[in-house]
Amino acid sequence: MPETRAHDFRLGQRVVAEAIASFFLFVCVIGSGIMATRLSPGNDAIALLANSLATGAMLFVLIIVFGPISGAHMNPAVTLVAASRGELSWPDAGTYILAQIGFGVVGVWAAHLMFELPALQVSLHARTGLGQWTGEAVATFGLIFTIIGAVTFRPAAVGAAVGLYISAAYWFTSSTSFANPAITIARSLSNTFAGISPGDVPAFVAAQLAGAALGAVTARQLFDWRH
Amino acid sequence: MPETRAHDFRLGQRVVAEAIASFFLFVCVIGSGIMATRLSPGNDAIALLANSLATGAMLFVLIIVFGPISGAHMNPAVTLVAASRGELSWPDAGTYILAQIGFGVVGVWAAHLMFELPALQVSLHARTGLGQWTGEAVATFGLIFTIIGAVTFRPAAVGAAVGLYISAAYWFTSSTSFANPAITIARSLSNTFAGISPGDVPAFVAAQLAGAALGAVTARQLFDWRH
Amino acid sequence: MPETRAHDFRLGQRVVAEAIASFFLFVCVIGSGIMATRLSPGNDAIALLANSLATGAMLFVLIIVFGPISGAHMNPAVTLVAASRGELSWPDAGTYILAQIGFGVVGVWAAHLMFELPALQVSLHARTGLGQWTGEAVATFGLIFTIIGAVTFRPAAVGAAVGLYISAAYWFTSSTSFANPAITIARSLSNTFAGISPGDVPAFVAAQLAGAALGAVTARQLFDWRH
Amino acid sequence: MPETRAHDFRLGQRVVAEAIASFFLFVCVIGSGIMATRLSPGNDAIALLANSLATGAMLFVLIIVFGPISGAHMNPAVTLVAASRGELSWPDAGTYILAQIGFGVVGVWAAHLMFELPALQVSLHARTGLGQWTGEAVATFGLIFTIIGAVTFRPAAVGAAVGLYISAAYWFTSSTSFANPAITIARSLSNTFAGISPGDVPAFVAAQLAGAALGAVTARQLFDWRH
């Protein structure tokens, strides 16, 4: 959302940017989870520390590098909010979302290849219940607030704010804060640390979209005071 | 304190900003403490590392996002110092403080809900003694100095400075640096890693306010050399 | 690549900058690996956390300090991409690469001296296989993208972007992301945490150069839209 | 060194700034070491991780807050280099150094008080040998280079560069990088994680001053090309 300048870049370039950014974000989430649990078999706190720091660092980098081209959404919830604010057209939003999910899944497969695991997997990691759904709604609400707030007041800090927000949210939500429908789908295809059982995906995505919608409405009231 | 621009935002908006910011700060402090102790049962250093990094990251984000609206105090000690410097009126300060405590407590309850714990709790975590009171006074003195110094010399870095200061102060004080009367009250309602027994709250708050007052007076001598 | 200003500094100064920067980067990679494994004999995740944070921090510092003189490449893959983009001459690139390898090896020896290990060592640490080669190609592709993207859109953030990218890549690649032919050679001379068996070096370097070349070509398509 | 503006602040203000900054730096180094070893009795890597991150974070904050007043040296080696470059007078440098050592020792005592330890202690922690002396010389050489380079090319990043450099240097030197004669003296008065036996102080200080002098001479050649 930050620095989308549709007039500077053609749709093709913007979609390629979303595809590469999603690939790297998802390869990072899955890969760092695998590495961390391999190296720290007895202590999941150390694994989550590595996983959360790697993810936050990568988000900072990807928003710096791809933000000025496509907005570096890497997240259908963010793309839908951007479309609702008129920052990109709804057909473009659909293309973005396909690229995020498609190349995100390729990123999951690449992580499996790097760690010499079977490419095609289905997660058995149950993640469900009111507590975790609340976590996803709160996390995505906060993510949308973070993006709109940073874009409004300090556009140069969007990468740092989003990266640090997600690093923190991995810890303060019981669900470890997926906060992203594309990554939720992609994680269902990895039976590793960061996975989620496919049957638990729909409720997670619903909670994320509810949190995002509430965040967008509240943020509009609070930040867009000039309108 | 940083970027309060009372003329830009109505009191209602500013109070909503304090409420949402306090909610997220407190949900982060409590939630990351619960997650960390669950994942690292045998090593509290790893738990405090996660807790301190998550809290510092969240402070950076919240000051970026809400600082330009309300100042993003999230802390009665900061609000009282700001009022004493004429940056907001005393009645506004009172409203700020009510929002900080009220929505901070809601944040504690949300953390409990996310982690499927009883919402209403009372902490049994004893935190008392001259060493810890000294810690709270030193920590709050340093926090006020950090805020006034950064606002004076580098306003764009207030979020980074406050976040990193608190992350460090979690470690160098024996009390893990609450440095915030609202969060001290709210933590007394959580019988988890970050909790504090209600009977120990008054002495902590007194030490914090003493440290804040001393910090404000000393900082005025040192930074406001132009007056 | 970032801020090479060949007109400001003579070749001699630029080569000295590459030499000192490579010395400090390599002493940091090897030294922090030794310290971390000594202090954490039972948990390699903690060791890699320390190793990745120290390396990322040092990259930030070195790019701030030496970037404006020589570009602070410290990496033959980066130097070759820069030469292919016309940012420095091919003979200068050759001199850079000799300085990177030569003083990088001196850095390895200095780390051994500091930790009272024999200076001359050969690593026995096997690192091989399709998974790790894929990791090196992906990691170097991403590094080149990070550099060109940050230089294009946010030159002041190159140090932060490269440091955070490498910290993350240590975790998401199975090879812990060497992504640098000079450091791969130098690491083969250290039989410690960060080492690599000499026989495994050629395939690593080949994968790195392939990833770098693909990254340079792709980045040109995506970022250099003005040409 | 960074932003000393002797014309803006009187010597008294500058010395108070050095005193408060040194107090907080030293209380942070000692206090976070005590906290970390108490919470992580079995793994010194986690303790050093906490100690190094807290120290780096605090350096960032103190350089932001006190740098524009006194330069935020907190380190006689830095003050001597600054004096040799004509950035402050030699008598002022002497006053700075007395404040650094004096209030640094007060910081050590405050840490002991907070953690309910005897205020007056003498360290029994042996730190000696060619490896550690080399470490101190390399670490201080790099610190001086970092400061002069950042001041030359990116003054706003001095705090981040120094903080990250020291966090990294804790790990890549066998001595955990004291790199500061005042803190070496002060640490000899604390029989805790960060201590050093008094008999080992002189050799550490000599190595630090040798590294600093070499760094200053080399940096002058490399950075001050305009002269």
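All chains are identified by letter, namely A, B, C and D, in their written order; residue positions are counted from 1 within each chain.
To be clear about the criterion, a contact is a pair of C-beta atoms (placed from the backbone, for glycine too) under 8 Å apart; a residue touches a chain by one contact, two chains touch by 3 or more.
Owing to the predicted nature of the structure, the values given are computational and were not obtained by experimental measurement.
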Each chain counted as touching subunit A and subunit C at once: none
Rounded Å distance, subunit B centre to subunit C centre (Cα mean): 40
Centre-to-centre distance between subunit D and subunit C (centres being mean Cα positions), rounded to whole Å: 28
Junction residues of subunit B - those touching two or more other chains: 43, 46, 49, 53
Chains grouped in pairs wherever the two touch, ordered by label: A-B, A-C, B-D, C-D
Subunit C to subunit D touching residues, read off their complex: 8-9, 13, 16-17, 20, 24, 27-28, 30-32, 35-36, 39-40, 42-43, 46-47, 49-51, 53-55, 57-58, 60-61, 64-69, 110-111, 113-116, 156, 159, 163
Subunit A-facing residues of subunit C, complex: 43-46, 48-49, 53, 56, 129-132, 134-135, 138, 142, 145-146, 149-150, 153-154, 157, 160-161, 164-165, 167-168, 171-176, 218, 222-223, 225
